[in-house]
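For reference, chains read A, B, C, D, E and F in written order, and residue numbers begin at 1 within each chain.
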Amino acid sequence: MKKIETIIKPFKLEALKDALHDLNISGMTVSEVKGFGRQKGHTEIYRGAEYMVDFIPKVKVEIIIEEERVESVIEAIINAVRTGKIGDGKIFVLPVEKIIRIRTGETDKEAI
Amino acid sequence: MKKIETIIKPFKLEALKDALHDLNISGMTVSEVKGFGRQKGHTEIYRGAEYMVDFIPKVKVEIIIEEERVESVIEAIINAVRTGKIGDGKIFVLPVEKIIRIRTGETDKEAI
Amino acid sequence: MKKIETIIKPFKLEALKDALHDLNISGMTVSEVKGFGRQKGHTEIYRGAEYMVDFIPKVKVEIIIEEERVESVIEAIINAVRTGKIGDGKIFVLPVEKIIRIRTGETDKEAI
Amino acid sequence: MRKKITFTACTLLLLTAGTAIAADEVVKITVESNAAAVKAVQTNLNYVWTLIAAALVFFMQAGFAMVESGFTRAKSACNIMMKNLLDFAMGSLAFWAIGFGLMFGATTTGLFGTTDFFLSGWTGPKGDQWILAFWMFQCVFAATAATIVSGAVAERMKFTSYLVYSFVVCALIYPIFGSWAWGSLLNGNGWLEAKGFIDFAGSTVVHSVGGWCALAGAIVLGPRKGKFGPKGEVRAIPGHNIPMAAIGVFILWLGWFGFNPGSTTTGDTSIAMIFVNTNLAAAAGVISAMTLSWIMFKKPDIGMSLNGALAGLVGITAGCANVTPTSSIIIGFIAGIIVVISVVTIDRLHIDDPVGAVSVHGVCGAWGTIAAGLFNIGGTTAAIMTTQIIGVIAAFVWAFGTAFILFKVIDMTMGLRITEEEELEGVDLAEHAAHAYNDFQVIN
Amino acid sequence: MRKKITFTACTLLLLTAGTAIAADEVVKITVESNAAAVKAVQTNLNYVWTLIAAALVFFMQAGFAMVESGFTRAKSACNIMMKNLLDFAMGSLAFWAIGFGLMFGATTTGLFGTTDFFLSGWTGPKGDQWILAFWMFQCVFAATAATIVSGAVAERMKFTSYLVYSFVVCALIYPIFGSWAWGSLLNGNGWLEAKGFIDFAGSTVVHSVGGWCALAGAIVLGPRKGKFGPKGEVRAIPGHNIPMAAIGVFILWLGWFGFNPGSTTTGDTSIAMIFVNTNLAAAAGVISAMTLSWIMFKKPDIGMSLNGALAGLVGITAGCANVTPTSSIIIGFIAGIIVVISVVTIDRLHIDDPVGAVSVHGVCGAWGTIAAGLFNIGGTTAAIMTTQIIGVIAAFVWAFGTAFILFKVIDMTMGLRITEEEELEGVDLAEHAAHAYNDFQVIN
Amino acid sequence: MRKKITFTACTLLLLTAGTAIAADEVVKITVESNAAAVKAVQTNLNYVWTLIAAALVFFMQAGFAMVESGFTRAKSACNIMMKNLLDFAMGSLAFWAIGFGLMFGATTTGLFGTTDFFLSGWTGPKGDQWILAFWMFQCVFAATAATIVSGAVAERMKFTSYLVYSFVVCALIYPIFGSWAWGSLLNGNGWLEAKGFIDFAGSTVVHSVGGWCALAGAIVLGPRKGKFGPKGEVRAIPGHNIPMAAIGVFILWLGWFGFNPGSTTTGDTSIAMIFVNTNLAAAAGVISAMTLSWIMFKKPDIGMSLNGALAGLVGITAGCANVTPTSSIIIGFIAGIIVVISVVTIDRLHIDDPVGAVSVHGVCGAWGTIAAGLFNIGGTTAAIMTTQIIGVIAAFVWAFGTAFILFKVIDMTMGLRITEEEELEGVDLAEHAAHAYNDFQVIN
């Protein structure tokens, strides 16, 4: 089992959700983050003082999934959120050792 | 060392905290997330337009813990937050390779 | 490739960002969390009722990095955020199996 | 447009008066016509003053909405706004149809009026307009009494039940008590005012009545989940927007400059003392509540300081026209102390009043009524004090009693409280399928 | 200081009058001088009333800003505030320089005035001051008409273009129509008022004109990205701060107590009925809009209930001085129903009006104008109704037509809309390099 | 109730007057009694106007609280509200006990009054009530001067020290200066007004005095941590709720319609010009500040535009009764430019004034005072200008001097500033153990 973490542009969340639905992904977790990669921040003005806003608002989506579905999920993410512009985001894959569904006590694959 | 990530209903945080206290867990990190699993969202109304709120507010709790305590923590989580209803949440266990306490520089088990 | 997660005091984010810039770190992701470790919460008052605020606001910074740079990043973090007081925070290192840059499709080291 | 032209013609007339006699003023100017004209201008001034004061009191609805919403959780903010909007809307119509007649209609029993329903006393635009001005002023008072409750029952009451409640309060509970104390301001004639009861602007009539209804509501509903711990300990459920609550208090303070001096319904020099008294009592209430909270909790508490202002204002409402400025400071100061003790006590009694409505309006209203007797400029007597105490007790028995029955009946028939699950998710979602802050992540 | 001393001397004089004749009052008191003095006091009262009413109407700017901002997203909140600030500032100067003269200056054609630009009719502090008081009152009306549009074009319009728009509305579009209906209130003489058009406080003149301009703006701009789905389905874009919107509605309701009764520009007893009518219509609008939303959407909708209040207020604006309180309830009730249906319909027409400005001001303004004829206290006739309908149509043709051209011309020259990317990031960032809520994480 | 009955009886009397002579009016109506009655009605009107204006000025407290809180961080919002609440409460009592007497009591030196402490000039409800009306109006002015400072010292000052400060300002610093310029409005007689100093509503007396105290506070306290970088670069610390700040500005603008025209303390036709001037200057200030910010920063800055409105308002305060509307536009326009330059300059001087209080009130207050001389309707002379400049300098020397000493003394005795750690965690937590937004995650 793997955890796919992807950091995307906030307004792409809707599209990503739809794409994952189409893949019959059974769950996902979303959180608001800020970050920078190649895409850097921008300048804002406040009462006559300019200042850099370094961190850009992003959305982090976490999907726990069977190993064999990782590739298809990655593909779906890329298709859904890619604009070709800087700031499109990244995907990270991490190992997961155990999964438990609290309600039923099911574990691992059954629990996804 | 392992990282236990659990996604629970927000109003269960208090109970979970107490349960982990009882286990003498030395630390935890909480963040607000939104997600869906089997539990789906609900419909809201705004000035005459119905719309789906897909993502349900959840709380993510992360606990870094020695391998040998993983089972007891999982048990404690289940006992604390389970209601038997859909949306009770999930537990994920991930490997952690290194831990450092910034203040002292202690590492791994001593740093937990 | 590794993921370095560090939980720090919010007002140290600026210093950490500068330190990582100096290391030529190409990206980072920040989120707001609450937590406790050795540092416990404090008491607040609301209309005559005292109550414990258990969780202290913290910032979680995630950096995905090549294995060989992990040590230098850890060092930089410690130097940047350490005050020697309780609540300085922690660093966790987790394994990452795959990285993809969405815009270009590059993977792993090239994608960091 | 025709009407407007007429008015403006009249305006221009007045502007040019003194230099020339306008064409349609054929009546000869005499000493008597002058005397009548002066009185007419004073009458106009009374209307202008009373109606501006009514507008200020109306604005208190916004103040209440902000205070109540600020002191409760984000997940209940839409519901609070809806309740404040609807109790005013419902209340206006209920008071128009029924309440005004019960309160100010003619009566033979001294218990309630039986004429003037549906503003039937108004004889059209050519007749006496005072009944309309007076209705407007009294209507915003009735709605104030109603809206006091919404804070105490916040975050857990069914919306439909609240609508029923607010109709009944504005149509029956408030007006009937009001007729006892104020009926003779129009066509009525209440038993309490006959005894010489002093409650100039309504410490008892408006605030205590509202406060005791709030108490009944809070008791029948029971506390919000989590307000009291398993071992009975009092837990804080902090409000979600303290600045909003603070601005609400400023708005209420402003509104009170209509509430108290406007109760003269006369634009004359007597309003000056009422303004000063109102302001000084509020200021003193802030100081004493803050100081006491500082002593008790080690920090100057903002919630208590804000309640202190309201306590001072409620406290001076009864006596604002018949105590001195110095007395007002004392009255407000004591009100500020009372409110702090009362809030803590009500918590200890395991009654959950999220915004302190019972303490501010009920308890300080009672204090204000007694203080109006004690500090009466003309001196106080046992008779005065007895009457004041009778009024205070009558208000409690009537308002708490009828409201308790009302809430119990609602509870047993249509249900008073949302389900536990709905409460956890928030009354906004349950009752309105809505969120207050859609672009923010909200905790709790 | 000198001036102030004079005034105070005068005050003191008045205070001591009746006991002694002040030294510098050498003129003998006669029946005629008394009559003149009475009229002067009434004139003073008219000034005080008109200007307080103007202040209340001014405050509606804050109400509009809160409603519009609350009903749109957090990423557009600075821009909404800027638009409301600037349309008032621009509008004040435009109306001073040009608009007032076009609206109230002398005219031979009945189409627009040609005198009184730059307040040139004012002859200095010793002359007649009425033109200033009247200007002030009319200026806040003009700005109201202008500001109605800002909600409908929210979150996507270029700021510079909005500035141009608000100048043109306050300088040309609003005043020219205004001169047709209200010109004779000063030196003008419009063709519509000559027919006996009834629009006491501006259901048509202010609200419909503003609403139809809003419609033109919303159409020319097109919908916000995401408002309508790929299959044409209507999507909700929930507002970011519903409590703020609700408080805004309370402020607007308060402001209407200046808007409607203030339109007498005379402090007399006639304002009482206007107050009552205004209040009852708003209350009825709330009830009907809430009820209908409850039936249609299964829940009492807060957005619709708030719009219901505004609908009732707009609906009663034309007829507030010439319908009975009971009629006002009917008018407001129907307005509340109309607004719900209209909001849903406009959504279905794929016109994106984020705050419902077209429905509230345009549609309910038209309804109010017709209702003013239908429910006229003096009775209604085919002639009255024809005139009312002519007025409604004239407003639509003029305001929608000119505004449509204006927005099209702006679009083709300087551009009307921000880029798609700017819209996604938010108009605040794009146009003002700013965020509204810097310490909060904002979604959306 | 007795009092209320009397008033209403009187009302009814007036209503019936003209048709019949009421029973208890036994005095024969004569030309003289009519003259006295007219004057009494005008007196009543003056009271009504002055007190409504006072209520509007009171409401400015809410405006200040919103502006100051909106322009600072979420972690300081409770503290700002507490400061604004307490400076008004403290100020009211301090001004009642001491300040009013110093300002308006009789004096032989022309330096400060020595009578009328504790409202001792009031002889009871049967005597002259003017002193109460006048006190009320002056009290809200004193509190305005006090509250100006709270923005400049925001986010870092100890709460106890702020209480001491606000007591001293309302009891001593403001009233003593006030007695120089305005003492003769009651029983006083100041040296500055003797020279003919023009400051109708207080550009200098209220705003500059407040602004220079703010400057002293900001200097003695030092900047907030992080405001200036290690290399001395100016850093932005963005405010947490810009819409709240914007609504605060609208409320202040509204309040100014009490502040300026209310300073006539007479309800007569002269208030029209003051209304118009106030409005036009504010509008012009918005336009010029926005335009200049656009030029300087490439974007129309919302903070600067809002400050522009306030700058225009402060700028016209001195001369509102003795300059023409056209001059008002010029005065406001220049004030808007001044405020932008001043804010940037004060930043460069490494003085941290989070809300721009020094620029808006201090600097634009000075400009307004000079402008009142320059644009004087009656023409200007070297003598007038000299006096104006003397007044401006006197205000700076007195207010900055005494406030500087005051803050230094507080600093050396009880401490002026919270600790660095407390500042990082937020003054709300440190001083009130509270958070403003409990259901939101707050950054910063």
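The working rule: a contact is a pair of C-beta atoms (placed from the backbone, for glycine too) under 8 Å apart; a residue touches a chain by one contact, two chains touch by 3 or more.
If you're wondering where the values come from, they're calculated on a predicted model, not measured in any experiment.
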**Item:** Both-way neighbours, i.e. chains that touch chain F and touch chain D
**Value:** C, E
**Request:** Trace the shortest sequence of touching chains from chain B to chain C and report its length in steps.
**Result:** 1
**Winner on C-beta contact pairs when C-D is weighed against B-D** = C-D
**Message:** Validating interface symmetry: for the copies chain E and chain F, is the fraction of residue numbers used by both over half? Same or different.
**Reply:** different
**Complete:** Here the gap between chain D and chain E, centre to centre from mean Cα coordinates and rounded to Å, is 29
**Fill in**
Taking each chain's centre as the mean of its CA atoms, chain A sits from chain E at a distance in Å of 47
**Message:** I'd like the Å distance between the centres of chain A and chain F, where a centre is the mean of that chain's Cα atoms.
**Reply:** 52
**Message:** Show the residues in chain E shared as contacts by 2 or more other chains, in ascending order.
**Reply:** 31, 34, 37-38, 41, 43, 45, 48, 52, 130, 238-239, 241, 297-299, 301, 303, 432-435, 437, 440-444
**Request:** Please list all residues of chain C that touch 2 or more other chains.
**Result:** 31-32, 34, 44-46, 94-95
**Prompt:** Which pairs of chains touch one another in this structure?
**Reply:** A-B, A-C, A-E, A-F, B-C, B-D, B-E, C-D, C-F, D-E, D-F, E-F
**Complete:** As the complex stands, chain A meets chain C at residues 2, 6-8, 31-38, 54-55, 58, 60, 70, 74, 77-78, 81-95
**Complete:** Note: in the complex, chain D contacts chain F through residues 31-32, 34-43, 45-46, 48-49, 52, 56, 73-75, 128, 130, 181-182, 184-185, 193, 196-200, 238-243, 246-247, 249-251, 253-254, 257-258, 261, 263-273, 275-276, 279-280, 282-284, 286-287, 290, 297-303, 305-306, 309, 321-322, 324-326, 329, 377, 437, 440-444
**Request:** Could you please specify the touching residues of chain D with respect to chain B in the complex?
**Result:** 424, 429, 432-435, 441-444
**Message:** Applying the document's contact rule, which stretches of chain D touch chain E when the two form their complex?
**Reply:** 1-5, 7-8, 10-15, 17-19, 29-31, 33-34, 37-38, 41, 43-45, 47-48, 51-52, 54-55, 58-59, 61-62, 65-66, 69, 77-78, 80-82, 84-86, 88-90, 92-93, 96, 118-119, 122, 124-125, 129-130, 132-133, 135-136, 139, 159, 241, 244, 431-441
**Complete:** In the complex, chain F touches chain A at residues 71, 234-239, 293, 296-299, 301, 303-304, 307, 340, 343-344, 347, 356
